[in-house]
C-alpha cells in the first residue's frame, strides 16, 4: 500500500496546493481560508483514499468480470462445445452483454411496490461493492487495512438475503415471491457454517485482519492443510452463498423462470447478474486468503498475481462442480446446511482450538 | 397457515417441453392438486388424414411425434398393410426392426436431454445430444433425413441398406456403449441426482395398470408388459432380448428402465442387421383396400401406440384413430404429483418424456 | 424383495374367453376370432356389464382406446380392451342412433379411458353417462361444433 | 400371469462413490478431451456438417427430362406442386411443375413417383427468403445441377410373385412393362381423340378399327395404348368426357 498511497498523497497534496494558490490569488478572505482548509491533512487523506478506492474498484471489477468469461469458456469445454465466440477468444462478450443490458427499457410491474422494487437491487449492489473495499489484493495494494476486516466482510456479506427477500416480494409475482423466500432460507442456512469456518481460522491465527492472517500463514503453514474439513465446508457453503448450480434454487430456471429477479429487465438485471459473479469473486478471494495463504508465494512473480491465480483456480473448482452435478431441492439444501455442514464446521472449530491449545502452531 | 394458491406452470414455461399447461394447486411448497391442460397443439390430424390417399399419409404420420417419428411412420404402414392384406417381405421386416430400435435409442436420448435440463445439469443435456448425433447420422444415411424420416412405405421400406451399413452401425454401437457409461457416471454415480429422483413421483403397479399407463413408466412400477414380447409384430418374435423392469415405480426407476432399454435396443440392432435375409424390400400395393376395419398396436418408445383404421373401399381412409401413449400417461400424472414439492414437478414430468405432438394430434 | 407381474404365457386361449363371454352375455354377437384378437358387437345397454365382467373375471386389465366413428346414419363407438394375461386385444363395437349418441362410460372401471371419452365427446359429440368430468379436452369450451363428424365441412367459417 | 419376486440388481459400478467424485472425474476427462482436440460443435455458417448424397433437401428438377405428366403434383401430400405454362428452350409452351417450397415438407415423394427421374431431391435446405412469394419456385428456378445420387430409385416386387413363393424378381421403379395399364371400355368411347392429344408421353394414338360408322360411313377410330411408353399419369382418364378409360392394376 505504501507506494500507491504515498504517490497519491503527494499528488493530492500538490493538487490542493495548486487550488489553494488559485484561491489566494483571488484575495477574498473566505476563499483563502477554504484553501488552507483544503491543504490540511484530513482532507488530503480523505481525497487520496477516495482516489485509491476508485482505482481499486475498477481493477477488481475487471478481474471479477473475467470470471464470467472463465465460466463461459470452461463450462463450454466441459460440455464439449465452444464457449463464447464474441470478439477475440470471447473476451468482448462481457461488454456486449453490458451494452445490451444498458440499452434495454426499464419496466416496473404495474402494481408492484416501486420504492422497494428499486431499492432492492441497489442495496444488493452496494453491499457487494462495500465488500470489495475490505478485501486486499496484497499487503501493499488495498483500500483500507482495518484490523477487523474479516468481521466487517462477513457482516456486510450477510446483508444480501435481505435485499433478495425485498426484491422478490416487491415484484408482485408469485414466482419471485417463492424465489425470494427460498433465497433467504438458503443463505441463512449456509451462513452459519461459513462463519464457523472463518472463526476457526481466526482462532488459529489469532488475528482478525486479512494481512495478519496471510502473514501468519507465510510463516507457519497454509491453513488448508490443518483445517482441511473447514476448507471443504467453506467451499460448499460458498457455492450455496453465491447460488450456483448444486444450490441454485432461488433462480432455478426449471421452475421459477428466473427466481427473484424475474421482473427486473434492464441495467438492474444486468447489475444483479454481475453482482452474483462479484459475490462469487469475493467468496473465492476469502477462500484463498483464509486457506490458501493469500498472496504468499515464491518471489518470481508479484504477490497480487499469486492472489489472482489462486482465486481463479478456486473459481475453476466452482465451475467444475457446476458442470458435474444436478440442482437439488430447497429442503434438501437446508437439510444439508443444518445437518451436514454445521457439524463439520464445529468439528473443524474443535480441531483449530485443539491445535491452538497444544501450541502446535 | 398458507391458503392454497393455484399456479399456472403455463403453456410457455421453461420446464414443459412442448405446449401444454399444468395447473398446480400449492399449499406452501407441496402440491395438493394438479390438472394438465392440453389442446394447444391440436392440428386436427385425424380430420386432415380423411381427405388424402393412403400413400400420401405416410410422411404425415411422421409428424405425429417428432421425437420418435419412425415408430409412428412404421405403425401407420403396418396398419395399412394389414388393411390391404399385404405382407412386407422378410428383409424389410428385419430392416424395420433395426431402424425402429435405432429410433428408440434416439428418442430415449432426446428424453435424456429433457431430464438433463429439467434437473439443472446442462452437461447431461449436451452430452446426450452429442450421442444422439451418432444415430441421427446413421438414420440420415439410411433414409435421407435427420428427424422426419419418411422411411417406411406401405408394403416395405423406401430403399435397401446403403453399402457396408452394418459395419458403420456396429462401429457406432461400440462407441455408444463407452459413451453411455460416461453418461451413467454423470447420473447414477452422482448423489444429488439420486437425491432428486429417489422416491419421487411414486406409483405402484396396480394403480399404474388401472390408470392406463404403458411403456417404460409401467415397467418401472413392476409390471413386465412389453408389446414386443406380448403381441410380437414384424421380426420381433425371433429377436432374443429381455424386457427391462424395475420395482420401485419412482422417478429413478423410470430413468433406470430407459437406460437399460437402450442397451437392449443395441443388442436387437446387432441381431436384426446380422440375420436380415436377402430379397426384395418393397412390394407393390394396390390403390384401394377392401372395405373393413383393422386395429394394430406397436411398442412406441413411450408406451403402447395403437391405430384403428376404417376403409370404405375408396383410395382414402374413412376414419383413422390414433391412440398415443403420452395422451394417457399425461392423464395419469396428477396422482404422481400430489404430495410432492413444486421443485419436484420438473423431475416427475421431465422423466415422463412428454411429446405434445402425439398428445394433441 | 418386491413383486413384478410377468405376462410371458397366456393363461386362456381366445376361444375360451369368447365362449365365456357369449355364455354370460347372449346378446353380445361374436364377429371374428383371430390369433390374439377378438371382435364383438354389443348392444348399448349391456356394455357396462360386459366391461365389468371382462375386467373382474376375465382379467382384462387395460382399456387401450375408445374410438368414435361416424357412419352417417349412425355412430359406432369401438372399445379396444386388452388383456395382458391372455395376450388378447378385444374389440367391442357399440352402435348408437344418430339422434341421441349416449352410452354408459367405462371410466369408473378403467382410469385410462377417462381422457379418451372426453376426447370422443369433444371431437364427435358422444355423451358418456357416468363420466367423472365430461368436458372438452382439446377445443376451447365455447366451440359449438364437433369437428370429426362427417357433416363438419373443413374450412367453413365456424 | 404370475407374480415373481425380483430385486433389481444394478451393474456394480453404478453406485455413487465419494458423493460426486465419479461425475467430477468424468467431466474433467471431457474437459481435457474437448480442449485437446476440437469440441464436437460445428460453427455453422463457417463450418458445415457433411451430408450423405441421399440427403433430402428441397425438391429440384432436370427440365430436359420432364414430360409434364403431373404425377408429382398428384402425389404431393401438401399439394404444393402446380403445373404452370413455361417457355421451353426448344420453343413452344408446355406445363412444368412449380413447387411452393414454403409449404413443402421435403418428404421426397415427388422425386419418388417421377417416372423419368426429372424431379430430384437436392441437398439444399437453406431456404429463407424475405417474402412468401420468393418461396414459390417456378420451374426455371427449381432447376439444380444433376448428380446421380439425387435421383430416388427403388425396386419393388409384385404381390402375386410374393404369394406364389419361390424366386422373387424385383423390378425398377420406371420399368416400362411392369406398371398399371389404362384399359378402354370400347362402347363408351366416342373417339373424340382428346386422350391422344393430352397424353404427355405420346403413348396413345388413334387407330382405325375395322367397322364403319353406320351414319357417316367413315372408319371408327379407337385409342390404342403403347404400354412401354405409358407413365400411368392418368391425365387421359381425367380428360375423357365419357370416362371410358380406367386403370387395371398389375399386382
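Residue numbering begins at 1 within each chain, and the chains themselves are lettered A, B, C and D in the order written.
Keep in mind that, in the parts below, a residue touches a chain if its C-beta (ideal position, glycine included) is under 8 Å from a C-beta of that chain, and two chains touch if they have at least 3 such contacts.
A quick note: this is a predicted structure, and the numbers were derived from the prediction, not measured.
Asks: Looking only at C-beta pairs that count as contacts, which pair of chains has more of them, A-B or A-D?
Replies: A-B
Asks: Roughly how many whole angstrom separate the Cα centroids of chain A and chain B?
Replies: That pair's centroid distance is 48 Å.
Asks: Roughly how far is chain A from chain C, centre to centre by C-alpha average, rounded to an integer in Å?
Replies: The computed centroid separation for chain A versus chain C comes out at 65 Å.
Asks: Roughly how many whole angstrom separate the Cα centroids of chain B and chain C?
Replies: Between these chains, centre-to-centre, one finds 24 Å.
Asks: Spell out, as numbers or ranges, the residues of chain D touching 2 or more other chains.
Replies: 4, 6-7, 20, 23, 26-27, 30, 40
Asks: Tell me, which residues of chain A touch at least two other chains?
Replies: Those would be 78-81, 323-325.
Asks: Enumerate the residues of chain C that touch no fewer than two other chains.
Replies: In chain C, 2-7, 84 touch at least two other chains.
Asks: For this structure, enumerate the chain pairs that meet the touch criterion.
Replies: Here the touching pairs of chains are A-B, A-D, B-C, B-D, C-D.
Asks: If we count contacts the way the header does, which residues on chain C are in touch with chain D in the complex?
Replies: 1-7, 11, 59, 84-85
Asks: Could you please specify the touching residues of chain C with respect to chain B in the complex?
Replies: 2-8, 36-37, 61-65, 67, 69-70, 78, 80, 82, 84, 87, 89, 91, 110-116, 119, 123, 137-140, 147-148, 152, 154
Asks: For chain A, which residues count as touching chain B in their complex?
Replies: Touching chain B from chain A are residues 75, 78-81, 174, 178, 245-246, 248-249, 252-255, 257, 323-332.
Asks: Enumerate the contact residues on chain B facing chain A in the complex.
Replies: Counting only chain B, the residues touching chain A are 5, 7, 9, 13-15, 29, 117-127, 130, 186-187, 190, 192-193, 195-196, 341-346.
Asks: In the complex formed with chain C, which residues of chain B make contact?
Replies: Residues of chain B touching chain C: 38-39, 42, 44, 46-48, 51, 205, 209-214, 222-225, 229-231, 245, 247-248, 293, 295, 297, 304, 306, 308, 310, 318-319, 321, 323, 327-328, 330-332, 360.
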